[in-house]
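What follows is a group of structures, each given as structure tokens.
Next come two complexes built around subunit A: one with subunit B, the other with subunit C.
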Partner chain A sequence: MKEIVELKNVSKVYKIGDTEYKALDNISLSLKEGEMIVILGPSGAGKSTLLNLIGGMDTPTNGNVIIDGEDISKYNENKLSEYRAENVGFIFQFYNILPSLTVKENVDLVKDIVKNPISTEEALKGVGLLKHSKKFPSQLSGGEQQRVSIARAIAKNPKLLLCDEPTGALDSDTGVEVLKLLRKQCDGNNGSNTVIIVTHNVLIADIADTVINVKNGKIESVITNQNPKKIEEVKW
Partner chain B sequence: MLCKLSISNIKKSFKDYAIYFTTLILGICIFYIFNSIDSQTAMLTLTGRKEDIIKILTQLLSYVSVFVSCILGFLIIYASRFLIKKRNKEFGIYMTLGMSKRRISVILLLETFFIGLISLAIGLLVGIALSQITSIFIANMFEADMTKYTFNLSKSATIKTIIYFGIIYFIVMVFNTIIINKNKLINLLQASKKQEKIKLKNPVVCIILFIISVLMLGTSYYMVTQGVESLFKYDVKILLVPISLGGVGTVLFFYSVAGMLLKVLARCHKIYYKNLNAFVFKQLSSKINTMVISISIICLMLFMTLCLLSSALTIKNHFNKSINKYVPADFELSAFYNDDKEDINLQDFVENESIIKNNTKDITVVHTYYDDNFDYGASLGDYQDEIRKRNAYVRFNSSVEIMSETDYNNLAKIMNFETVNLEKDEYAIVSNYDAEIYKEVVRRNSIMNIFGNNLKPYGNVIDGFLMISANPSNTGFFVIDDSVLKGENKDRQVLVGNYSTEDEATIESIEKKINDYKPEFGIMRNTKNDIKEAAVGLSVIATFIGLYLGIIFLISSSAILALKQLSDCIDDKNKYRVLRQIGADEKEINKAVFKQTLMFFMMPLSLAVVHTIFGLKFCASILRSLGIAGALDGHIATFLFLIAIYGIYFVVTYLCSRNIIKE
Partner chain C sequence: MLNRKIIRDIWKNKSQFITIFLMVFLAVFAFAGVHAYMDGMRESSRIYYENQNLQDIWLTSKNFTNDKLEEIKKIDNVKNVERLFTINANVINPERFINPDTNKELSDLVLECNFIETNEINKIYVMEGEKYSKDTKGLWLDYYLAKKIGINVGDELELSIEGTNFKEKVVGLVEVPDHVYFIKDDTAIFPTHTDYGFCYLSINEFPKDLYVFPYAIVDVDNDSSVDETRDKIKEKVEGIITATLRDDNFSYEGYKREAEEGETYSGVFSGLFVFIAILSVVTTMNRFVKKERTQIGTLKALGIKRNRIVRMYVNYGFFISVIASVLGIILGNLLIGKFFLEMEMEYYEIPSYDIATIPLVYYVAIGIVLVITLVTYLSCIRILKEPAATALRIERPKVKVRENSFTTKKLFNKLSLSTKWNIRDIIRSKGRTMMAIVGIAGCTMLVVTAFGMLDSMKSYVSWEFDVINNFKYKLSLSSDYTDAQYNEIISKYGDSTSQTMGVEFKHNDEVIIKPLTINDTKGLLQVTDHHRKTFTMKDDGIYITEKMSSMYNLKVGDMVEWHVVGSNNWYKTKIVGVNRDPQAQQFNCTKKFFDTLNEEYKPDNIYTNEDLSNIKEIHGVNTIQTVNNLKDSMNSMLNMMYSLIALLIGVSVILAVVIIYNLGIMSFSEKEYQFATLKVLGFKYKHIKEIFIKQNVWIGIFAVIIALPLGNFMTDYIFKNAIGDSYDFEAMIKPITFIFSGIGTFVVVYIVNQLLAKKIKKIDMVSSLKGNE
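Presenting the complex of A and B:
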């Protein structure tokens, strides 16, 4: 399998007033295509920063972020949004869907942005929400809303699906449903899609192909899971 | 899709901020109405002076419109910046999905364009409809004939409204694009996570600033009330001192109060911990803290509204009343005697013009005389020294007019004054402007030496005048017994009369004769009709400009307050959910919202009312110097007007807030 993400000596420093805060401290890392990867660590460890850099939402202070052979760390704003549009799907803890649009319209949004999207119907069918497509987000449960955001992300047919605590706001059973959908995305496209999940929930790590432990802005360990658990076996 | 997004966004904001969009439409509608005055009056058969007044009014209104469009522009730009800030997360989502900033700008551009289009269309339609009604109002003011009434639509006002608001919306578009391009994705997504920053201000600094602000306001209050006489002595520019003191003082006042409010209230345990008060005060304090400048501007706008409208209505009321009192006769001619030129005889002029002779009655001619040794200073008796100290600029050596008892009683008959019956050693004073001075002279029983005779005062100062005019303007003339009067020094002759006909054409030609009468040197002429029309003109202009600015100031201020309160409610839904979860019942929560909204609306209004108490005193002195004396009687109507509009906004805001936090 080829490498889809490669980080070389990446640092990210935030300035809050006069004090500098190192969110990531000289990290190097490479991730294989087609894997389900879990980034694990306590709050404030730098997990989300890492995810944001990979997703082109932020740029590193130092170092290179190489995605599929392209160094995006030197991209300007326009190229970055192009990169996000064509390569990355995001899923957030609190869904980030637009309350003023219906389920279908929320997914339709990407049609305008991406060159080769998969159809809205297919994406909604994939997450089992086709019959709710005319509803507004406020009429759905938390798990259903998260499935809308997954449908929106997979409609872009992205190489990279980046998930920031996707089950954080959900109960165990609903969370498992969401994880199943993520696994399905990972296995789709002849197994060439990569899913990266950021979480502090250790139990989720059991289902991943690779688990990366982050602490204090540094990588503590990279563990390859020879026999990932089946998702149904996970409970928290 | 972009279009669809814009439209769905607009729909949503229309629902949440209906009160703001209503204000926008109202603003456009008022802008149209006041700019279409000339076409509204075009169908009225107005001539001469009335036509001139409309011309002046139209011109003044077009200047004021520039100012008004600035105020409305400020409102619209403020509101749209404010609404954009609330949508950071939404833009963050677009950008995460990979939408470029250019496309986001296009969405906003479309939104502004649609909002502009809709508000302009509705505003203009409502404006055109309402202008039919205002036409009736205008016709009424001008006592014009409305029988030829037709539907009117002002093309120029429509185009002007579209251009002015087009420019405003264009500026909004530019602002929005700049804001979007400045935003960073990472900050947008984290916007909601950021805790609302509560700027903690140093309490000692706040107390010091508070004292400074009170001192500044006090000084400016003093300058425009007690110190007003010395203020008038200087150049007009000196007015900038109290104005800037008041402006800066107002900002400092709200800045320091916002910093101290919570601390002071928290000390009053009984109030602070009652019901949900702690929550209410906290909310209020954060609101005021985040909009010190806006609240100050609102306070000043409310203050200006109160002063402007009060003065305008006072002017209007004044002229309605004063015409009947100060213009009892239909026409008047007066000529000063001139040593170098041959005397003219007003009586001859009237006798020789047959149309005047045949259509007038009560013709009365009176003469005044002067005594070289009896100047204004002398006429004040021993009160003179005090007046000299007070009013350095009065000319004390100017001559004082003296009239015989017979002439005066003739004049009194036609003018409806009190007649006199003087003894040989008595004098009477007739005055209606600054009459207090002569009243004091009479009270002191001052003996006057006129034409070599020592005379004592007769009764009190008589309320009267020699010249008819819209305002009391007679500083005083003396009346003495016929036998004491020495007739060498003639000052002037005055001829007063009434029409014996009611035929307008005849009256018009009489007045034309009077106005065309130009002997070798100037005579003064006044007719009741001219004075009336001039007065109507002034009061119409004052009323229109007062109303125009007043309404715009009021709705703009109220809309900003409403917008802030509503958007806070949308943000604070969670807080209210928590309140419910910890056991606050619906009634208590509604009460908390009510208190919060009320105090928020009262904040700028209370200081504005204090400003107004002093501001109105200043307005009164300005009006007095223009000859419009008497108390300001427009303030009650003004206050009711303000309470009505401000009150409607308050009630609607409260009801909407309650709705927003309900679910």
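Presenting the complex of A and C:
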């Protein structure tokens, strides 16, 4: 499998007043296409920052972020928007779906900016929410709302699915269902989709193809999981 | 700790709080300012009239003898009565004095001389010099005139009354309560204080041996029954020609009308300022509190007492509106009030005047604070009533997608994303949309109305001076012109003449006094119909002006019973037509008709198109006026009104910009999270900007469309209902005014939203989304 994500000497420094805070400290990393990757680490380790840089939501202070051969750290705002639209699906811990739009409308949104989206019905069917398509997010449970967020992400048919604590607000059973959907996405498209999950839940690491441990803004280890666990076996 | 939150929240939402402050401030500033000068005018005159004991009744007769005065004094409710003799005198050698307006020597200086005995009623207010005494020689001169042309106490003036010359020393410079609004004659329109003034002298100073007292003034004990007293005097005292009350007095009524006219239209305006500002501020506070929902939920969940939370949120609106209201009252009084009062008082002779703040202004300011506080309180209580767990979550939209909803139709799906987004948003946030429409439409309406008033006033001046006054010169004849003088004048300048006289007509059980103009001007003084088109009057009856016709429910075909004031011949005449006049509500008839009555026609005005530019004096003529001068005089008088309208336009425009900016910033802050999500999804800046701007542009266009006719309606309302009874004109707004007001508002909406849209670029996706979590 080819490398889909490559980070070279990437640093991210935040300035809060006169103090500088180093979220990522000169890290380099390669991730392969078609894998399910889990980034593990305690709060404040730099996991989300890493995910945001890969997703083009933020730009590095130093270094290069190369996605599928393109250095996105050189992109301007517009190119980054195009990159996010065409290549990346995001899933957040608190779903970030739009409360004033129905389930269907939330998923429909992406059709206007993506060249080859999958149909809204297919995306909703994939997450088992077709029958709720006319409901508003507030009428759904947390797990269902997260599934809307997944449907919206996969409707873009993205190369990269980036998930920031996708099960963080869910109970174990619902979390497992969500992970199944993420695995399904990873296996789709002839196995060329890549899913990156940021979590502090070490149990989720067992289902990953690759596990990256981050601590104090540095990569502590990159472990390839030869025998990932079946998702049904995970419980927390 | 919560105080720190208040300070930080205010800092974080500073733009919104600044706009709230500005809206309240502007509304109170305009309301208090306009009231300060209007009420100042009214209050200053009230005190002046009271202190100087302005007469309650004016009487005329051939001569008020001592016996007649005693007779009047015996009538119930009459407290005191005094008599006087008023006659015009020419000042000899007027060229001694310079007209400061033109910097030329005066060619003519006329003094209205009031010869009096005692001075307990209509008391002279001495600005400089001696107090009035019957035994003092000399004259007490009009202070305004003296100051304008440089006459001082101690100066001597030589006067001429009907060919008798006499010299008097100026012993005092004075103001008198029944000479507050004092002009040369009714064609002069506004006081110049240059070639005409008044003076008071003891009757002992009258230069001839024989004199009569044709005027008397009456002071009553009880003002509320002054009508009955007037009627009793007319009934019991023989030889009374006229008996009029304060409202019929030229000075009293002229001053009062000026204060009331401004009061009504600026009252409508400042009322609207307050209404629109309150609406916008309470909406903003309501939306602000709703935005704070999860924080309120968190505070509740933390166990902070309900009252403390409520107090914290109520404080935002309370303190801002209190500070804005207090500043609005202070600055409104000092800036608007003082400025306009000073400007207005250039024309009126009142010795001391000051702005006044009536309780209503404080009530309005307190009302604004209370409404804002109450709405904030209710918004907060609504959230606090929910369980903490529910309040911690974003509010569930109160909408349902219906099967037959437009948003589920295929056609809808073919629309662009921004269009779909905004249609949904409008449908699902009806209240918010409605408030935005009302806010923008209200401001546009104010702008249209303010400009519309300006247009309408100009249109009124044009109607009066370009259509009705179809002459170049108007010669006001002196009251004592001779036949020879008259014949010479008409032989030189033509016989287009008119006479205006007072007539009394019966209406129900009342006798009402109104002017009648006998028009023999051969078309130089036109009469116009409802549509301002000129027409020729018929000779078989009298005409009534349209407004008077509706005031007294008199129609064409009705019979009117009337008589000329001072004559005992009563007539029953048919109303044969209705004419419309913008500034004089009265009867009109032709000379041919008037000749059929048993009355003498004695013209008081002659109109001509001859060139009189080189003529300075005509024997038998008091004043020579060009129509352009009349128009200029009217425009000068209206300048005050124009200044006030300019102020209203200014406040309307600023309020409009603030409200539009506030709506934009609220809309942006509420959608920031949604825009951050769209940004994450890969929507480009231009897409998000289109979504943001489109809705506000739609709302702007819709609001403008409904505001234009509303502005027309409001202007019409002001002119039809708010101006004095003597005026009759409606809104005449130029199309260009509508276009400019509409486009102007739209441009403001567009620019404000374009500027706010730049903030989309600055949205930090990570912190925005995290903030929302």
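Here is the rule we go by: the second predicted complex is superposed on the first by the 236 of 236 C-alpha atoms of A that agree within 3 Å, B and C clash if a C-alpha of one lies under 4 Å from a C-alpha of the other, contacts with A are read in each partner's own complex, and residues count from 1 in each chain.
Here, contacts are C-beta pairs under 8 Å (C-beta built on N, C-alpha and C of every residue); 3 or more make two chains touch, one makes a residue touch a chain.
Just so you know, these numbers come straight off a predicted model, no measurement behind them.
Within the superposed three-chain arrangement, the count of touched residues of subunit A is higher for C, of the candidates subunit B and subunit C. Contacts of A:Glu77 after superposition: both subunit B and subunit C are touched. Shared-chain residue A:Ser141: touches no atom of subunit B or subunit C.
After overlaying the two complexes on the shared chain, residue contacts for A:Ser30 are found with neither subunit B nor subunit C. By the touch criterion defined above, A:Asp112 reaches both subunit B and subunit C.
By the touch criterion stated above, A:Gln93 is placed in contact with subunit C alone, subunit B being left untouched. When the two structures are aligned on the shared chain, A:Thr224 is found in touch with neither subunit B nor subunit C.
The residues of subunit A shared by its contacts with subunit B and with subunit C are 52, 55, 57-58, 77-78, 81-86, 88, 90, 96-98, 100-101, 105, 109-110, 112-114, 152, 156. The touching residues of subunit A, counted against subunit C in their complex, run 48, 52, 55, 57-58, 77-78, 81-86, 88, 90, 92-94, 96-102, 105, 109-110, 112-114, 134, 136, 138-139, 152, 156.
Residues 393-397, 399, 401, 416-417, 424-425, 428-429, 674, 677-685, 687, 761, 765-766, 769, 772-773 of subunit C touch subunit A in their complex. Remark: subunit A residues 52, 55, 57-58, 77-78, 81-86, 88, 90, 96-98, 100-101, 105, 108-114, 152, 156 touch subunit B in the complex. Residues 1-2, 4-5, 8-9, 11-12, 89-90, 92-101, 103, 185-186, 189 of subunit B touch subunit A in their complex.
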